[in-house]
Amino acid sequence: MRDIQSEPDLRQIDIDQAGIRNIRYPITVKDRVNGSQRTVASINMSVNLPRDFKGTHMSRFVEVLDKHKENVHIDTVKDILSDIRTVLNAKRSQIELNFTYFMQKAAPVSKLKALMDYNCTYSGTLSEVEGEPLLDSVMTVRVPVLSLCPCSKEISAYGAHNQRGIITISARTNRLVWIEELVDYAERSASSPVYPLLKREDEKYVTERSYDKPVFAEDMVRNATMLLDADNRILWFEAAAENFESIHNHNAWAMISRTKGDISVCTPFRQS
Amino acid sequence: MRDIQSEPDLRQIDIDQAGIRNIRYPITVKDRVNGSQRTVASINMSVNLPRDFKGTHMSRFVEVLDKHKENVHIDTVKDILSDIRTVLNAKRSQIELNFTYFMQKAAPVSKLKALMDYNCTYSGTLSEVEGEPLLDSVMTVRVPVLSLCPCSKEISAYGAHNQRGIITISARTNRLVWIEELVDYAERSASSPVYPLLKREDEKYVTERSYDKPVFAEDMVRNATMLLDADNRILWFEAAAENFESIHNHNAWAMISRTKGDISVCTPFRQS
Amino acid sequence: MRDIQSEPDLRQIDIDQAGIRNIRYPITVKDRVNGSQRTVASINMSVNLPRDFKGTHMSRFVEVLDKHKENVHIDTVKDILSDIRTVLNAKRSQIELNFTYFMQKAAPVSKLKALMDYNCTYSGTLSEVEGEPLLDSVMTVRVPVLSLCPCSKEISAYGAHNQRGIITISARTNRLVWIEELVDYAERSASSPVYPLLKREDEKYVTERSYDKPVFAEDMVRNATMLLDADNRILWFEAAAENFESIHNHNAWAMISRTKGDISVCTPFRQS
Amino acid sequence: MRDIQSEPDLRQIDIDQAGIRNIRYPITVKDRVNGSQRTVASINMSVNLPRDFKGTHMSRFVEVLDKHKENVHIDTVKDILSDIRTVLNAKRSQIELNFTYFMQKAAPVSKLKALMDYNCTYSGTLSEVEGEPLLDSVMTVRVPVLSLCPCSKEISAYGAHNQRGIITISARTNRLVWIEELVDYAERSASSPVYPLLKREDEKYVTERSYDKPVFAEDMVRNATMLLDADNRILWFEAAAENFESIHNHNAWAMISRTKGDISVCTPFRQS
């Protein structure tokens, strides 16, 4: 059979990224407490495609994914990206893993425990810099929190509007930073964490604690920035906070992005 | 050319509904204040298909929709459904219009106005009952509200967790009930309406008012039920309330459905 | 502390369902080949609430879920529903589990294997009928398939438009019917299954096979109906097919629902 | 009342963007054929916030939006962004308008017309460069198309798998480029446009035409690149193609981004 994809292309145009998107696969993620946990990911994979070839061989992405299936793991991503580069004969390979991560969380007073879910994204790019393979990776955690409005508290005789919000932290690091650590930075930036299971004594505690620590979306990204700035393992970060305002049908939002270290080798390519 | 769709089908199986889904079109909706408003709808349309035919002619749905395009209107839905029955030679035709509806809303103290958006669905079925065409229609409004937790208020020394929620009301009526009226029933069932535009004096008012009127999701559907029960134009309703809990990453929810009048001619068919 | 939820309510209105929605938890599902598989579910849980009580105790749903967490399993759902009835002192309890299910699927010629994902929903209601607990459960599978248009094939000199579609089958059964069996019914109703991994010889096979077996959305639900009708374990089903038409920006859709056995004890309550 | 937002902030951290997200408003968009069209937009608005202030005054975004409500228009975006800068006393203001755009489209043979919908995003940033206000804007169109696989056609005795795809084109320009022109570039890059309304003679035409013009996702972005490269009004673009593969449950994807002119003044800030 003819291999159309391998044939030359006359337009002479390099393609930045070609690959597959939105394939779902079970993966294993490093877990600070339990070593690892099984979850389900929606995955994007791509390579650069030089001007000389008409198409990439999309099925090979799935073969690499399936080969590593007992071990599609943030630790083994470099191997996966390396395998992709080899089987597709590419200079640059990319992967994006979107998954739910679970952490056991204890209520603040009763100490009752249940599982809390966090949407996370790990994206990695393996490229060649001066002949050497180089991995650029970004971990993103999306952390639901409680935010209580400082303005509403200040101007009202009693009460204060509050709401669920999401703090999103993305980080490039020079050493392992646990998902648990980024979640902790986000939760400490808010009026209160949210919990999967609260009894009445816990609900009282969370209500009063959040009233004592009012924050705007702007405060949450500034608080996160202070924590992320102080962590020397982090070379670059973006912190965003979005509040699902309880008094509006639209959201309040703030964002800070900072480069702290040398990320000159990082890929400027779009991950999603 | 052969007309495959019109050919006989040997399996002898009636099809409950066959049609098109998720076609987007500009429509006009009745507006209590301004007479009418233009908006954008995602539309589903279908007919029953007798066992004798292999397929329905899907393009005719679009022709009917486009013919009425300056007037795809809740008042003209019966004409559209009647046209569909005719061109597709069907006993029963159905339409579902999902659209954003805007209302100008004044802030409670400053009286400053801006537009508030509501997700609405109108679904209609035209069938034949004893030789006569009969329209069964359901209007659904989804109303964002503020809910403040009675338990949190009661047990806490100060403050109370609150959040955005959605009250969804569906109704079958024997006379016109305005979208504005269903929205009003929903908003009166909550701790407070939400607003597009609030200045500080408004925010103080909303904060204090909601603290004075705490409601569970359960309270909101009971409050709505009392209002819907008292409205004699309403033959059947379903009221649901979902709170995007500010202390959890999951939602609290309650639902009540009631038949008040004779809806024996109403269609049991699935609308979505 | 006062227990507001347990206090009497003066409105004297029964609530059909009160509970939590969209809580995510890891669950285990029965797997025909491997015994069981771990996946992630989005879960809704509810109970009826009599007119005498102001609210339900939402945290108890999470406690029951967490108690069964190593074994949140379609086989143990009856125990979970029974526990919910007990801790919430309710007559009727309901659960809905939405999850991704994986099956290893071999390509038709090369026999290369990879994992294929299916969106599934299991919903169960435990109520009391003449003093006895009775479980009503519905399994829903959503199966991506390839459909090739019979009209386009017939009228064109060459080629035929085809597209990805989704066949959704819901079933009430009197004995275990495997997810794998419902998936099989759906795939046999289409022009071809879709696959996670296809090499060129497989792609040739799928292309030619689907051209040899053209189906409308209407054909797919009729084909599924014949298979579901012939399975005596199935008491009730709904089969729907939606094609993401490659020649339009809207979808073609058909649906058949059938009651075959005695489902008089089944709940009419809304699951989603 | 105290104005908390205007108070000084001790953390001394500049915020890149602070504002509101996901507010829905009716807007008017320039229309090449009819002058203008009314549609519904989901809107994000933001400003930079200097380190000296605790928060931004979110309600002012809504006031500006409502002030321009009869004329929230791509032509007037500069005025809106300028007003935002003024009322919020900011150096930089940003807006993102996500909306459905309708074009009347004639079937290729019957010439029957109906409306086709396109998801579009306009994003604009007004900043100050050497004391002068400067607008950087990006228009994005998402165009559904038909793609037919060259490999499947080549290796199969008959037929070829094809599917709906989406070509997304974003462009920075130095003069007006109509939405209609970007849509045209996308449609010419595919196997065929898709249509809202096709009769049998049209379906035959589209089927045969797409069979005669097979394209990979890679071909579509290369074809688009050639057209976008040749248009001198375009300074920068990104073209992506995603195919909802009819033989898989995942998508094929390719992307090319190119800077052609001087975009040194363009904002690097994230728009979504």
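The chains carry the letters A, B, C and D, assigned in the order they are written, with residues numbered from 1 in each.
Note that contacts are C-beta pairs under 8 Å (C-beta built on N, C-alpha and C of every residue); 3 or more make two chains touch, one makes a residue touch a chain.
Just so it is clear, the model here is predicted, and its values are computed rather than measured.
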{"item": "From chain A, the most remote chain by mean C-alpha position", "value": "B"}
{"item": "A-C compared against C-D, more contacting pairs", "value": "C-D"}
{"item": "Centroid spacing, where centroids are CA-atom means, of chain A and chain C in whole angstrom", "value": "29"}
{"item": "Whole-Å gap separating chain A and chain D, where each centre is the average of the chain's CA atoms", "value": "25"}
{"item": "Inter-chain centre distance, chain C versus chain D - centres from mean C-alpha coordinates, in Å", "value": "36"}
{"item": "Sequence positions of chain D contacting 2 or more other chains", "value": "1, 23-24, 117, 151, 155, 196, 198, 200, 204, 249-250"}
{"item": "Footprint of chain A on chain D - complex, ascending", "value": "1-2, 4-5, 9, 11, 13-24, 44, 46, 49, 54-56, 58, 150-151, 154-155, 216-219, 221-223, 225-226, 238, 242, 249-257, 270"}
{"item": "Complex contacts: residues of chain A adjacent to chain B", "value": "116-117, 144, 146, 148-149, 151-152, 155-164, 192, 194-196, 198, 200, 203-204, 206-208, 210-211, 244-250"}
{"item": "Contacting residues of chain D [partner chain B, same complex]", "value": "1, 3, 23-26, 37-40, 59, 62-63, 65-66, 69, 100, 102, 112-115, 117, 196-201, 204"}
